[in-house]
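What follows is a set of structures to go through.
Okay, so chain A shows up in both of these, paired with chain B first and chain C after.
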Partner chain A sequence: MRFSDVDAGALLQQLSSSGVGIDFGAARARIQTRLPALAAMIKTVYAGFPVEDPSGMFDLSVAVRRVGGLRSILRPQVELRCDGVREFEPFPLDTPLPLLEWGTNYGLASRLFCYLLLHAGVVERGGRAIVMPAMPGSGKSTLTAALSLRGFRLLSDEFGVVRLQDAALLPMLRPLALKNESIEVIARFAPEAVIGPRFPKTHKGTVAHLAPLTPHVDSRHLPAAPGLVVFPRFVADAGVSLEAVPKGHAFARLAVNSFNYDALGPESFDALGKLVQESSCWQLRYGDLPRAVESLGKLLDTLN
Partner chain B sequence: MPGLRVAAFGAEAVVFDPLSWNAHLLNPAAWAVLELLLDSPRSAGQIAAFLERVLRPEEGTSARLHARHLIDELVALGLVRPVGEGALAVL
Partner chain C sequence: MTPPPLSSRPLLEALADPRSCTGYEESHWDKVIPLARRSRLLGVLAHRVAGVVDSSRLPARVNRHLNAGIIEARFRRQKALHLLHVIAPVLKRHQGPWVLLKGAAYIAQDLDLAHGRLLADADLMVPRSALADLEQALLRAGWEFDKTEAYDQHYYRAWSHQLPPMRAAGQVLELDLHHTILPPIGRVKANTERLFADAVAVSGSLFHVLSLDDQVLHAVVHLVHDSDFAGRLRDLVDIDGLFRLLPLTDPDRRRLLLDRARLHGMERPLRMAAEFCDAWFRTPGCREVMNASSSPRSFSLYGASVMRLANRVIGPGDAESSAIGGALARFVLESRALWLRMPPWMLAYHGGAKATRALARRVSFRESAVRG
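The block that comes next holds the complex of A and B.
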């Protein structure tokens, strides 16, 4: 049964007791919370995901709960515990979903050492992946969201999960965090897209989460072969331009954009080398989202 | 160098040093010299002569200086070491 099919009261009951499991593809997490508002948000942004039995094996257990004590009367907050440990400061009570999503990403990034984890959006079409590594503010999430709503399969927005043995890209499918102007850009780009509540005044500005499409959820165990590595950069009114990036430079930029490249040493070097070897590498400057989507589609088609 | 890993991308390459776990992006000249030394130890003079052959004619006159600079950098990175009698090798 999917989250969209579960009765809201029953979901809260399950989240409050033993929790629910969610399978992202490359990793699985168990989530617990007693917060009714967060349960409703989970139901919206994880709508297409099956509700998993919480008694299985999980890479991460996450609990979100209201902070108690006298201070909570003056300043209500929520905290997140990863595997029972509070690893960072609480968030305001009215931002439980950003805390859950950010904290889960943090927990996964600091625990998964069986893969090379790039900070990158990844989509796929025709079996070939487009890996889009970028620094915050580059327009990566906006572009990844737009591609996922125009016929490309979403593998991930936050993690480019590279399998060490063969450099295949694995899905780590999670709600896609849109920030500030990009929320309305995507809402206009695809009015049918399911976007969760807006959270103003987070440390990243206003944040909202795009629910992955159900067919993408159903394909979350299907890997993709390397195809393109594209370094996106949003530049207002820039149109669209693509410039080839030498592969050695692409390697260096990908390594810098990785969560765990340094920790894995020779294994990550070999996997990253294979990924770059088998990819065509480009710098994309874009100010026109529909044209950028079209250009990347054409570029990917030249490989197939 | 036992365990030296190379990701070659045409004329340039990234190499992984198994001792330091550092990776280095090598430009075409540096990669050509390292490839030469992977084959067998060479003297600084032989490296300069090699660069003179592979560099463009207008750069050839400064090959010796260029070779010295490259050798110094490769040695500083720990990728190349003197092995006696003026020879250098990838260890």
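The block that comes next holds the complex of A and C.
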């Protein structure tokens, strides 16, 4: 049964007792909370995911709960525990979903040394991946979201998960966090898109989460071969321009933008080398989202 | 001594008998792996399991996490070696010997207990006479202090056994420059002269390490005398490993260790560590240390209650329960650690200074919040 189909009361019941399992593809997490508001948000942004049995082994267990104590009367807050440990400061009570998403990403990044984790959005079409590494503010999430709503399969937005043996890209499918202007941009771009509640005034401005499409959820165990590496940069009114990036540069920029390149040592060097060798690497400047999506589609088609 | 709390036992069993891991259900691993990670022992567990079990006999998801422990430990080991390589030219221009302590020393000697061990920082002991010049040289070479507040600097320099931790660009680990192994104003004072006199050169390296007995005793006081025990199971695993390496079962080695403990005034901490290792790991030879004629006969009511509280908080425990008892135990043990670290008048001064600074920070934070 998927989150969209499960009864809200029953979901809250399960979340507050033994929790529910969610399989993102490359990893799975157990989530527990007693907060009814958060349960409703989870139901929206994880709509297409199956609700899984929380027994067995999970890569990460997260629990979100209200902070107790006297201070909570003046300043109500929620905290998140990764495997029982509170690893960072609580968030305001009215932002439980950003905390869950951010905390889960944090927990996964610090546990999954079995993969090379790039900070990148990844989509796929025809079996070939487009890896889009980027700094915050580059428009990576907006572009990834737009592609996923125009016939490309979404693998991940935060983590580009690279399998070490063969540099295949694995899905780590999670709700896609849109920030500030890009929320309305995507809502206009694809009015049918399911976007969760807006959270103003988080440390990253206003945040809202795009629910991955159900067919993408159902393909979350399907890897993709390297295809394109695209470094996007949003430049207002710039139209669309693509410029080839030398492979050495692409390698260095990907390595710097990784969560664990350093820690993995020779394995990550080899895997990243393979990814770059087998990809065509580009710098994309874009101000026009539909045209950017179209250009990347054409570029990907030239590979096949 | 009371047995280890139930919540820690899945990890203790896995560490003690890694061969039995092949029989674990995934739901059991779901307890063991987080306990190991929380205690900073995932790499150690992985190393022990890999030594006796073929990975194909374990679930893929389990292997993934065990490998993560090994990779992280390997990375920090590499970073420690790199750090030592980088500072070697600076050291060479100053008076030695340069004595590696704890994790860095275990790595330099390639001890079995170093495998999979997650290093926190690099600890190096140098003669106090060389300390000031060496500090200046490191500062010129790009190292910086993490703590720059005047009081912190003063605290370390006047009353601690090390300089404030140093960092350099490109280094993941902090460098702790020691001149002895315990605060010179604490209740127990190590015989620093003998620490240096009996240090051993590591072959093929620029560095020395403490004699094995002193390494054992350093690990012992680091946990039993100079910490609040909370979540420090990793330190107990170190002591267990060193006891076995000695080995503690050899009556002659045991006698030498007890003699050495007397020299440093560390009989009581050694006895406590032996009790802990016996209760938590059944380390062979611990009972003999506890019963040796030169060991303190018994603990006072205070000593016994410290043991009892420590027993409760040293493991990774049941993190879900934030029971008041646990919080109280941590508070008492933290106070004890401070008490042992400095005389009462110092404690009052240090506590007062800390509170004043905390208050000042709060006020200035409020002010800036109002202005902002």
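Keep this in mind: the second predicted complex is superposed on the first by the 304 of 304 C-alpha atoms of A that agree within 3 Å, B and C clash if a C-alpha of one lies under 4 Å from a C-alpha of the other, contacts with A are read in each partner's own complex, and residues count from 1 in each chain.
Just so it is clear, contacts are C-beta pairs under 8 Å (C-beta built on N, C-alpha and C of every residue); 3 or more make two chains touch, one makes a residue touch a chain.
All values derive from a computational prediction rather than experimental measurement.
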Checklist entry - Aligned on chain A, chain B and chain C: do they clash or fit? => result fit
Checklist entry - Touching A:V276, do we find chain B (first), chain C (second), both, or neither? => result first
Next on the checklist: Students often get this wrong, so check: with C-alpha centres, what angle lies at chain A between chain B and chain C, to the nearest 10 degrees?
Outcome noted: 70
Item to check | Touching partner for A:S55 - first (chain B), second (chain C), both, neither | outcome: second
Next on the checklist: Quick one: is A:P266 in contact with chain B, with chain C, with both, or with neither? Answer first, second, both or neither.
Outcome noted: first
Next on the checklist: Contact-wise, after the overlay, does A:L112 reach chain B, chain C, both or neither (first, second, both, neither)?
Outcome noted: second
Item to check | Partner chain in contact with A:D83 - chain B first, chain C second, else both or neither | outcome: second
Checklist entry - So, does A:H249 touch the first partner chain B, the second partner chain C, both, or neither? => result first
Next on the checklist: Output check: A:S241 vs chain B and chain C. Expected answer is one of first, second, both, neither. What do you get?
Outcome noted: neither
Item to check | Closest Cα approach, chain C to chain B, once both complexes are overlaid on chain A (Å) | outcome: 6
Checklist entry - Which chain A residues contact chain B in one complex and chain C in the other? => result 262, 265
Checklist outcome for this item: The chain A residues in contact with chain C across the complex are 55-59, 61, 63, 81, 83-85, 111-114, 262-265
Checklist outcome for this item: Residue set of chain C touching chain A in the complex reads 26-27, 29-30, 33-34, 37-38, 59, 61-62, 64-65, 67-68, 71-72, 74-75, 78, 172, 318-320
Next on the checklist: For the complex, give me every residue of chain B touching chain A.
Outcome noted: 3, 5, 7, 9-10, 12-14, 16, 18, 21, 23, 25-26
Item to check | Contact footprint of chain B on chain A as seen in their complex | outcome: 246-249, 251-252, 255, 262, 265-266, 269-270, 272-273, 276-277
